[in-house]
Amino acid sequence: MISLPVVLTAAALLFAIGVYGALSQTNAIMVIMGIELMLGAAMLNAVGFMRYAWPDAASGAFFVLVVMTLMAVEATVGFALVIAAFRNRRTAELDDLTELKG
Amino acid sequence: MTGALLWVTVALPAGAAAAARVAGRRTGWVALAGAGAAAVPAWALLVAAAGGGAASSTFTWLPAAGGVDVGLRLDPLAAVMSATVATVGVVVVLHAGGYFANDPRAPHALGGLLAFLAVMQGLVLADGYLTLLIFWELVGALSARLIAFNRDDRTAAAGAVRAFLTTRAADLGFYVAILALYAGAGTLAFGAQRPGGALGALVGIGLVLAAMGKSAQAPLQTWLAGAMAGPTPVSALLHSATMVAAGVYLLIRSDALLAGWPLEVAGWVGAITAVAGAAVALAQRDLKRVLAGSTTSQLGLMFVAAAAGAPAVALFHLVAHAAGKAGMFLATGIFQHERGSTELADLRGAGRDDRAAFAGFAIGALSIAAVPPFAAFWSKDAIVGAAEGHPAWVLLVLIAGAGSAAYLLRPALVLGGERRARGKGKVEGGTEASSVGAPGDRAAVVGLPGRGRMLVATAALAVGSVALGVVGAPLANLLDLPVPQVSLMSVALSLAAVAIGAGAVLVALRAPTALARAALRQLYASELLRAVVQRPALAAAALLDRVDARGVDAAVDGVARGTLRAARSQRWVEERGIDAGVDGLARLVGRGGAGTSRLQTGRLHEYLRDTVLGAAAVGAVVALTALT
Amino acid sequence: MSDLATALVFWPSAAIMLVTGLYVFRTSSMARAGLLLLASLGIEGLIFLSLASEFLGVLQLLMMSGEMVIMVFFMVMFMADPGGLMGMDMTHDKRRSAAVAAGVAAALGAVAVATDWPGAVVTGAAPDIEQIGFEVMGRSMLSFLFAGMTILFAMVGGILLAKHGGRLGIPAPAGEPRDEEGAGAIGSALAGGEAGVEPGVEGEPEHPSHGSHAP
Amino acid sequence: MPLLTLAVTIPIAAAVLAAALPARLERAPQRIALAASFLALACLLATWARFDPDRGMQLVEEATWIPSLDVAWRLGVDGMALALSAMSAVLFVASAIYGVGPRPLTRAAAALILLLEGATLAFFLAQDFFLFYVAFDVSLVAMYFLIALWGGEQRRYAALKFFLYTLIGSLPVLLGIIALFLASEPQTFDMIRLAEEEPFAGTGVGASLVFLAFLVGFAIKTPIVPFHTWLPAAHVEAPTTGSVLLAGVLLKLGTYGLVRVNLQMLPDAFAKYALPVALLGLLSVLYGALLALAQSDLKRLVAYTSVNHMGYVVIGVAAAAATGISSKARELAVDGAVLQMVAHGLVTGALFFVAGFIQTRARTRDLGRLGGLFGPMPVYGTATALAFFASLGLPGLAQFPAELQIFLGTFEVYPAIAALAAVGIVITAGLFLLALQRAFLGETPERWRGLPDLGTRELLALVPLLVLVVALGVYPRLVLDVISSGTWLLGGG
Amino acid sequence: MTVADMKEMEERMIADLPWLSPIGALALGAIVCVVLAIVLPRGRQGLVGAWAAGAHLAAAGLAAATWLDRGFRVTMEGIFVVDGLALVLTGLVGISGALCIALARPSLAGTDREGEFYAVLTAASLAAAVLGAAADAALLAIALGLSSIASFVMTGYLRGAPRSNEASLKYYVYGTVAGATMVYGLSWWFGLAGSTDLRVVGEALRDAPDAAVIASTVLVVAGLAYQASLVPFHFWAPDAYDGAPLPVAAYLSVLSKLAALVALARVLALALPDGTAGWPTAIALIAAATMTLGNLAALPQRNVVRLLAYSSIAQSGYLLMGVAALEGSDQGLPALVYYAIAYAATNLAAFAVVLAVARERRSVDLDAFRGLGRSHPWWTAVLVLSFLSLLGLPPLAGFVGKLEVFRAAIDADQAWLAVVAVVNTVISLYYYLRVIAPAVLDPLPPGPAPRALRGASLPIAIALLGAATVAIGVGAEPLLDLADSSTMLMRGG
């Protein structure tokens, strides 16, 4: 059946997929997607823990709420930034953002 | 009481110097009064010493490490020296009053002479080597100042510099000797035992070297000839009678300390110098330089005497020589005024023009040439006698004796010879006083301002040259030293030497040309010193300067690259100089900086990747530390 | 929910979640990627439900549907080739990224499996909605308020960054002397010495509203 | 009355006052500078009167500052501090009299000189490392501006070199101070306690590193060859007063630190490294002398002789470090080293004045171009000769007893080094005599015939220094009785 | 939980409200800012700034009042700690935030989103204050989130400038990845403890399996370390500082960073009591890496902002020494607190001058600083003081700060770290001098005189910050007392 390590492993894989996305994508939007997945993995962890270890730990549920909030607000700001970037450069390719370095 | 007298002896001439500086037109008489007054305590000291008195007045000068004292002391040797200095001083100051009668800078000169007397008194009365060194150096500095009295004269300036530098270089020995003595014996007092081993060697070598320098012993004699560019009274006082005798005084004073091989060395130096000085004197064309060579030679004889275990004889000869040689100088001063030159060629017949001065000159010359019964005859005979144990020294002394007869007869013949019509003497070189005019103008000679005073002074010393022959034994008694014995043998030998020397001149036996040229040029001692000391020092200085200007690191880079870079002028030096230190050190670090800065590629995904790897590394480290 | 039911929902859901998540980054179409992400995170909501966190699961579904719709809009608006018609590659450094991600997965997964997690091993329970309510309105009140602040300022910030033109839509009065010092100075400060570059607000591109379909 | 505090604060307050003056009061800055420097000197002389040579550190004035770090306003004197601070105060008075260049002091110049005075006095009097270091750096800044604002043609280059070298030199000092602080127990910046407790006793790695840090810092300041290359440039370009203060006062910061810190607080480590340090000192002596010999610029020449003379100090301190506790040689060497610092300050101050005077008259300091100066300027010539002879170590003048004591003390430890160092006095004799011959003797060329002799202000600045030089040479116990290194060298107070 | 429990809790929380007044002021200030920004006409947006600054100062004042009147307390059922550390941070945030507004105002005046900028800045300050006081994983996550978001927005404020945009976007991606990582780690902590309360977490982690503890800790640290720009989580910082408006860079380098460091200290101390999993060593290693890399990377920079960015990374390393010493020494926390205060003043001063120069000369290249001393002596003075303070020279703030962290490191048996820091200090001299030297030493380059700047807020801020840089060092005692009495409540559960 299902047990805590199974859930956690699924979350770890989801997190790793998110990491892969953040690392491999050239487009800012795609990277944001990766980050969303990473946050989703964190939520899955918390839910798993509540189910299999701490059924009374409402703070975990609140933690998940917070993560959802973060997902939303970070996406908001991220998109706003992408719009601004696009206005300036007509692209949201991160590989073009190499003026600042050294 | 006596202690205070010691200080007064030193202080009086110093005070007189100050008075003479401000005395204006009357400076000659003020100076004379000062010198005379200063002689009183000096003679009082001699009287006290003769009465068996001894005193010491010291105080702690350097308080560290239990204290190092300085001070003055009275003992027979000091008293004799002090009286000699004071007496010669009075006479020379008297003479100088005349010599500088028309010179607006007379106060300067007379003040200098009196100041010199003060420090010379300090030198002879010093108690302990530290005090001796202090006055020893001061004497040297004042000597330079007096030589360079005529400041428009380049030769005089050069002579002053050379005199000071040569003696100071030799004084290095004095310094080292003092250091070694203090380290070895723990004291700088007279009468300390020479420490053993290397320290003792340093003491011995050092003191002998210092004495050689001061007394112008070969090969350091050349400065004395250069010093002749100074005013003649200065030459009389400093460079014949007193200051140059300080080396001999040091040997006598350090008799015990230097016993053994150091004195042996000094003896050899003296004997050789005696001959060399004679040779040099024989070849000179300038009267003062003749006398300088003679002084070197005679001081060499004193070295021999001191080394041969007869300090009393050395002192005897010192006193006798002081009277004779100073007298000759003073007479020369008169001739110089009359002819405006001291070149022998210009002085031809000067003695005929001024017979009184010539008489003074002649008496001094006879004494120095060891003609009986003048003073130096007795002292020189005593030297020959004292050196009996060293046949080689005896031989050299005799040769020097013959030489002295020869080199003194030569100028005497010139002075007393026929006048030769000639224009006004060369004015360059030692012409600080106004010359009177053409040779043969006897009226002008008699009317020479100050001549009276100069003559009186010369005469006083002539009297000394006659009378001082008798002081040998009393001196020895006073110093509690063996009385010099004058043997028939030595008398005969020295007389023979004198005769040979005089005869050689009379038959105009000429020395081989090469030797004469060498003698004229101080036997190439200057060249030797220049090659061994001066040139290397200057070359090293210039080299280091070049190296330093390019920054110390340039030296490391090697000469080849250094010369290449020299082409690139000032700009390069600037940049290199400033940045070399900072940049050079930071280059390595800077490379690290560039490396870390290269991590910052500007590409975000690389940042993230590197971050994950870094975090993994941190995790690994934490895991390692946690598990161990 | 019983263990079996949980298992029945969890396994396929998890599989779909991971596969769709992975394919977000394997498609060449940004629109598709957005939809896949929506699917993945939506499915995650299902998993929440299966793990007895009904409230959170529902919330997740609602949030994701809203959010993902917006995201798709963005993609259409701004991305080169939103439909993936050109088949262009949107990745870089794929191999190393994959390796790193695999390493992360391996490390986290290994720790997750190997660790003897504490806490009661219970079945079928999770904090119920009342507990969550007490939590939110009680102990975590401050955090909750703070989350609200965060949302507010994310909105403010988002508008600040994204909105084009004059302040709050009110166009700048015509002819008003503009203080060029302000924007210009900052601009040059950022330009790091490239004086003359005046990236003032007015210098923005006029209508960046759609991507160019450049060949 | 807190005399030491006043001696430090009066100049600083006066500096602020001078800087704040309205520009139209043209003569006021000079008067303020004079008054303040005289007051500071008076404070130190009053301290001198109250000073008891038989006790070590004394008359300590202490006010809490940062008790948590045991940082306090601690001023105190022992023989070395008193002698050096008094000497500095004298030089500052002379500088205030002379001004910068031929003109009276401007506001900025007065403020900088007074700031420099406050900083250097604070440095010598400080018994707290915090204050010590701050003073060290402030003096650097003030001197930098003196050079940069009133220097010669290449003043920027010289000032930069000076600034970089000495700032870089001050960093190791700071690190050393931090190390001493951290190693002390309980941690303190109190120099008196650090000297007593010697947190880095022994010759371990830590002690060696701390020792080297201080050594490098002070070696640059002193300067010891091969860290000396900033010195000639700075001196040549600095204005007269800047040179006087740089050579007379600022160089002493290095050697003072060498004694105060390296010798007093790290004696074991110093004993271990005494020989290399002494060899560096010897190198400085000979190298400096030979370089000076090669110079034709009078200021450069004097600058290099400073390297030479400070080399003697280094040798003496190293010799003292090498000897065991309370040996005769140690006392002699340190007494000599401190006296040498005082004497060199006065003598070199006088020498740079002398060089400056001719610069303002003849617009050159090139010995090759000068000549026969005795003729038109007898007073100047005499003063110069006196200063030259003092600098070459003639007995009867200030540097002789100092150098002699250093030699006496060193010879017992390093006879060869002492003997070789004595060669330096011959070389310096040579270079000074040659300079005298070239610039002052011989016939006066036509272009120098009209040079005016020294004026009142110049004499007022110069003569006191020369008088002190003679007085110290004749009776060195004037200062030696106060220095009495035996009482403080081993800590305690 | 019963309704009665609920009631009781409610009363407790209401009683806690006075302790929340500082962050209340910030929250209220931020919200009112939004309203004002909407309401006020464009010409009056400056008033929003004034209001925001007032809110900051009110927060600082309330923090001081809380410290003095009410003492320390754990509030809000344990999730929000009002202790010395938190109050100092709040005070710092208040004062520095107000100063940042003063710095930003001249640049912002007349731009189109001025009011909103102040609102966002105030929100960032609120987040910073909460971050430093959070003792609950959820609050920590959301506080870091708001802090990050507000920072991104401020960085990207110049929407028209590609560099600002680039900086913001990079910062955003990097920051959100790091934040997500932290959240993931926090979720594990929750799993290990069954609560998001960090105190409970601390109890649980004591005995939890090592692998899970280590892995989750690394993940959590990543989030905070990124905002504190610690190696290897620093990559965003140079680019973001470089591209951001300079006042924002100043804000990020001081407030965001200090808040993150304080949060790091609190989280580690609470969640990993007694050095669980050996974190002090790991943190010490990170500190060493951070200061070394920061200093090395700063060496080749020609862009002064980037140079300052790397310098501030290096400073994070020094600050982190205080965190590393938390467990090993009682001095760790005071050192952190004092250094934070010193760093805030110093770094803001440096940025303020750079900002002024950038505005006047339109460049932040090293060359733009040439001859600054001629045209702007006071700016230059503050620049030099702040750089030397960053370097750590007495008597400036940075010196005492460095001393404190060195002390703490040695007391905590991390002497090696102090040695690394010393070596780093030496390295850093080079790049600080690279800016100072041309500013002080070079002449003004030829060219048209730059326009004089209008407005008083920037000069006043520069003067205040310069004075603070000196005063915090010279008058360190009260602040050291403050640091000593600042405590961390709930340590170790």
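Letters A, B, C, D and E name the chains as they come in the text, with residue numbers starting at 1 for each one.
Quick note on the criterion: contacts are C-beta pairs under 8 Å (C-beta built on N, C-alpha and C of every residue); 3 or more make two chains touch, one makes a residue touch a chain.
Everything numeric in this text was worked out from a predicted model, so none of it was measured.
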Fewest hops from chain C to chain E - one hop per pair of touching chains: 1
Labels of chains that are neighbours to chain A and to chain D: B, E
Length of the shortest touching-chain route, chain B through to chain C: 1
Between D-E and A-C, the pair joined by more C-beta contacts: A-C
Per Cα centroids, the chain farthest from chain E: B
Intercentroid distance (Cα basis), chain D paired with chain B, Å: 34
Geometric centre distance via CA averages, chain E-chain B, whole Å: 78
Inter-chain centre distance, chain A versus chain B - centres from mean C-alpha coordinates, in Å: 97
Inter-centroid spacing, chain D versus chain C (mean Cα positions, whole Å): 69
Chain C, residues touching no fewer than two other chains: 92-93, 96-97, 100, 104, 107-108, 112, 115, 117-119, 131, 134, 139-140, 143, 147, 150, 154, 157-161, 204
Shared-contact residues (touching 2 or more other chains) in chain D: 160, 164, 168
Interface hub residues of chain B, defined as touching at least two other chains: 582, 597, 600, 602, 604-605, 608-609, 612-613, 619
Touch relationships between chains, expressed as pairs: A-B, A-C, A-E, B-C, B-D, B-E, C-E, D-E
Chain A residues within the chain C interface of the complex: 1-21, 23-27, 29-30, 33-34, 36-37, 40, 43-44, 47-62, 64-66, 68-77, 79-84, 86-88, 90-92, 95
Chain B residues touching chain A - in the complex, by the definition given at the top: 597-598, 600-605, 608-609, 612
Chain B-touching residues of chain A, taken from the complex the two chains share: 19, 22-26, 94-95, 97-102
Residues of chain E touching chain B in the complex: 170, 173-174, 177-178, 181, 210-211, 213-215, 217-218, 221-222, 231-233, 235-236, 238-239, 277-279, 281-282, 285-286, 293, 295-301, 427, 430, 433
Touch list for chain E against partner chain C, complex: 1, 6, 9-10, 13, 20, 27, 30-31, 34, 38, 42, 76-80, 106-113, 116-117, 119-120, 123, 126-127, 130, 136, 138-139, 142-143, 145-146, 149-150, 152-153, 156-164, 167-168, 191-192, 194, 204, 208-209, 211-212, 215, 242-246, 303, 305, 355, 358-359, 362-365, 367-368, 451, 454
